[in-house]
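All chains are identified by letter, namely A, B and C, in their written order; residue positions are counted from 1 within each chain.
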Amino acid sequence: MGFFLEVLIGGLLAGMLYALVALGFVLIFKASGVLNFAQGAMVFFAALTFVGLTERLPAWLGLSPEWAGLFWIALLLTAVVMVLLAWLVERFMLRKLVNQPAITLFMATIGLSYLIEGVAQGMWGAVVRGLDLGIADEPVMGLLERYNLMISKFDLVAATVAGVLVAVLALFFQYTKVGRALRAVADDHQAALSIGIPLQRIWVIVWAVAGFVAIVAGLVWGSRNGVQFALTYTALKALPVLILGGLTSVPGAIVGGLIIGASEKLAEVYLGPFVGGGIDSWFPYVLALVFLLIRPEGLFGEKHIDRV
Amino acid sequence: MARVIGDVILDLQNISLSFGGVKALTNISFDVREGEIRAIIGPNGAGKSSMLNVINGVYHPQQGRIVFRGQERRRMNPHEAAAQGIARTFQNIALFKGMTVLDNIMTGRNLMMRRNFLWNALYWGPSRREEIAHRKRVEEIIDFLEIQNIRKTPVGRLPYGLQKRVELARALAAEPSLLLLDEPMAGMNVEEKQDMCRFILDVNEQLGTTIVLIEHDMGVVMDISDRVVVLDYGRKIGDGPPDEVRNDPVVIEAYLGAGH
Amino acid sequence: MIYREAGQFKASYEEDQQIFPIKQDRIVMAALVAAAFFVAPFVASEYWLQAVLTPVLVFALAALGLNILTGYAGQLSLGTGAFMAVGAYATYNFLLRLDGLPFLVGLVLGGLSAAAVGVVFGLPSLRIKGFYLAMATLAAQFFIVWALAKFPWFSNYSSSGIITAQRIEIFGFAFDTPARKYLLTLAIVSLLALVAKNLARTNTGRSWMAVRDMDVAAEVIGIPLMKTKLLAFAVSSFYCGIAGGLYAYTYLGTVEPDGFGLDLSFKILFMIIIGGMGSVLGAFLGAAFILLLPVGLNVLMHTSVGALVPATLASNLELIVFGVLIIFFLIVEPHGLTRLWQIGKEKLRLWPFPH
């Protein structure tokens, strides 16, 4: 039982990060109707940019590589880069593709993911980098002693950060002017215009927010598994999360993330040994698919009848 | 040829339909006779399009019965409706945008095409003969609707009025016995409207096709329809010959009431 | 004044329904096919036959398969690579386990296996559309590649799922040189391209396009959605399966499951985006373009211009150029090279009097 709980909790903690990345998708989808396949590439790009900056900044600025402020400067610069990326994407891609079918936009983001991956590796090289955030990947002692549960401190911290960000985003969405505009855009472009924020600016904002989400995910996953190309695939697991939760639902993304995280871990532990392991590469997708067949509108989506 | 109005072929009984909380249709009954032109009118959002969608099975009513040619059912399904000879056009043109006019109209004949994909893969013998035979029929419809010079044009490039005409052609290609037209003249200029009216009357008179028609232009409705159903807020508030309906105080109220 | 439609009145609908209604087109096409069969095998070097022409044909076939599903029937698939893998591994196993099975029969059985798998993963298309369906095909992509690598039976217990193609022999004639393999590939691909064209111009193709453009309207005029979509999945996967078989047997000779990953699927998707959605010609143009582009880039990198590009960037240039091109085409010419080709022909038709 203790072991089951450990796996479950570990999965839920990992799921928090899926939820965060899925929220990045939901934001972009709600505001611009684009399912952003490049989200995975953005995670990779963010992590690589951060690591690349921490490697080179000391030499560029004449700082000591040990200095604690380095982390924050690199983080800030990475954030700036992500905003720049958002601006470029809006300026040179989204703006030119308005009124195109959604599937065209989706394919464009596949192209975008190639472009971003190419640029990331072109700038910083393709070698796998380690990334140390200084949080030990060891059991939380209190939990181990009191309940005999092995829960990683790293997972706990990462999930907390992700959870806080999820909460911040949800609140941002619900209560700020920009957030309200975003929701308006999702319903009706005309209505959004009347709020007085240009559509283009809204797009830049949501893509930038998705970029920040990518930084957090990139740092966490990168310090876990190394900063490498495979990060793009990890991030893509947020896609099944979306399907579970529905493309436009914020609570859906959160619950979906937790479900995917937990069931993926449980399946790997309890099902994996029978089929030779490695099932996490497909399990979330198949789970989401089976779910879709039972409930095509997702967990929180509404049943919709095409109007003719 | 003199028009003959025959027996009831379509009988709708106590139809109710809602979407979530919105009641689109409430307890509606009316019938359609063979060979007539039956109009449905009513203000915006009255439930007219929903009514057509119920008739050919795109929407499924929660309550009511539909009797079509003696067969009774709770709901139609679109494929079956097509197989039984019901064809239609849509309020917001629903043509196949990526295909040419000719191909669009050819799709209207798909139910009559018997060769399966293996024959088509070879495009040989029966498959080729079948294609050519149907092409001939489609060319007759193209001539009838006077759209010869655009047959190879992708429909997306056509002006609105012509698209409406192509949509009618596609429906006619199925050689329907019951034709449902959802605002066939909306957004047209006077000349285009006259043409469309003529086509509708020709179809009705020459082919004997029964027509159910939604139209906002009262002049047109009074001119060409045999009987009119009036809907308002999902309820039926009038039913009868055009003259009778026009002078019905309830109907007048529904049409003018909103403005007063 | 040579390329003219004028004066060629079509006497019958039969003539009007031809694949190439204009005579000059027919002549050019016939000349091209004749050259591919009778000239290329003799003048092209082994390298060209083996590393350029054969793969272009194989990929064109896969792109044709994807184009049937995505371009004609409008169902976006990201699992092309996996369906190719099914074709390759099924062909291998049929030939391995059924003694004396003729190669072509094995290949067709491989294609049919892929079709069956395609239908299974196409079933969700009856309830879901668009992105959701794309996700379903992504599930197929990851699951199939995983299964082929995980269960050693598929690869006859070789290490890490690698299979090596058996010798190809048809009626006692061995297809063992690059030229012969090329010819075999060419024959199969030409035949299937013709079949695709036939499907596209008859009721089958029209039904696919109708479902793609407006599914409610299609249903209302009596096109059965389920049958039409599943048929598209089956035919498309059959094409991809055959392409996978050829990929293993006439092109590479040795393949492993990871070679059929998501990247391969994307590559083929790029081919139809750049070549032209919903066009048979587009599959060929796109395949040639996507395969020759890296070769061209490589040549460019070895010139004096290329020397200016830093090494890390140069090795990622392919990704960048692909990405930019996809976005560019989607924005500027969503109908791809095929459309540019048609525009060129229009111009030629008017030339030299552009009025």
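Structural remarks
In the analysis below, a contact is a pair of C-beta atoms (placed from the backbone, for glycine too) under 8 Å apart; a residue touches a chain by one contact, two chains touch by 3 or more.
A quick note: this is a predicted structure, and the numbers were derived from the prediction, not measured.
The touch graph of the protein chains shown is complete. Between the chains A-C lie more C-beta contact pairs than between any other two chains.
Each chain gets a centre from its C-alpha atoms; the one nearest the centre of all protein C-alpha atoms is C.
Chain A and chain C have CA centres that are 33 Å apart.
Computed from the mean C-alpha positions, the centre of chain B lies at a distance of 41 Å from the centre of chain C. A straight line joining the Cα centres of chain A and chain B is 48 Å long.
Chain B has residues 58, 90, 94 in contact with two or more other chains.
For chain C, residues that reach two or more other chains under the stated contact definition are 216-217. Shared interface positions of chain A, defined as residues touching 2 or more other chains, are 308.
Here chain A touches chain B in the complex through residues 302, 305, 308, going by the rule given at the top. On the side of chain C, the complex with chain B involves touching residues 12-14, 17, 195, 198-199, 201-207, 209-210, 212-214, 216-224, 231, 235, 278. Residue ranges of chain B in contact with chain A, taken from their complex: 19-20, 49, 53, 58-59, 90-92, 94.
Contacts from chain C toward chain A in the complex involve residues 76, 123-124, 127-128, 130-132, 134-136, 138-139, 142-143, 146, 150-151, 216-217, 266, 269-270, 273, 310, 312-313, 315-327, 330-331, 334. In the complex of the two chains, the chain A residues touching chain C come out as 35, 92-93, 96-97, 100, 102-104, 106-108, 110-119, 121-126, 239-240, 243, 247, 275-276, 278-279, 281-282, 285-286, 288-289, 292-293, 296, 306, 308.
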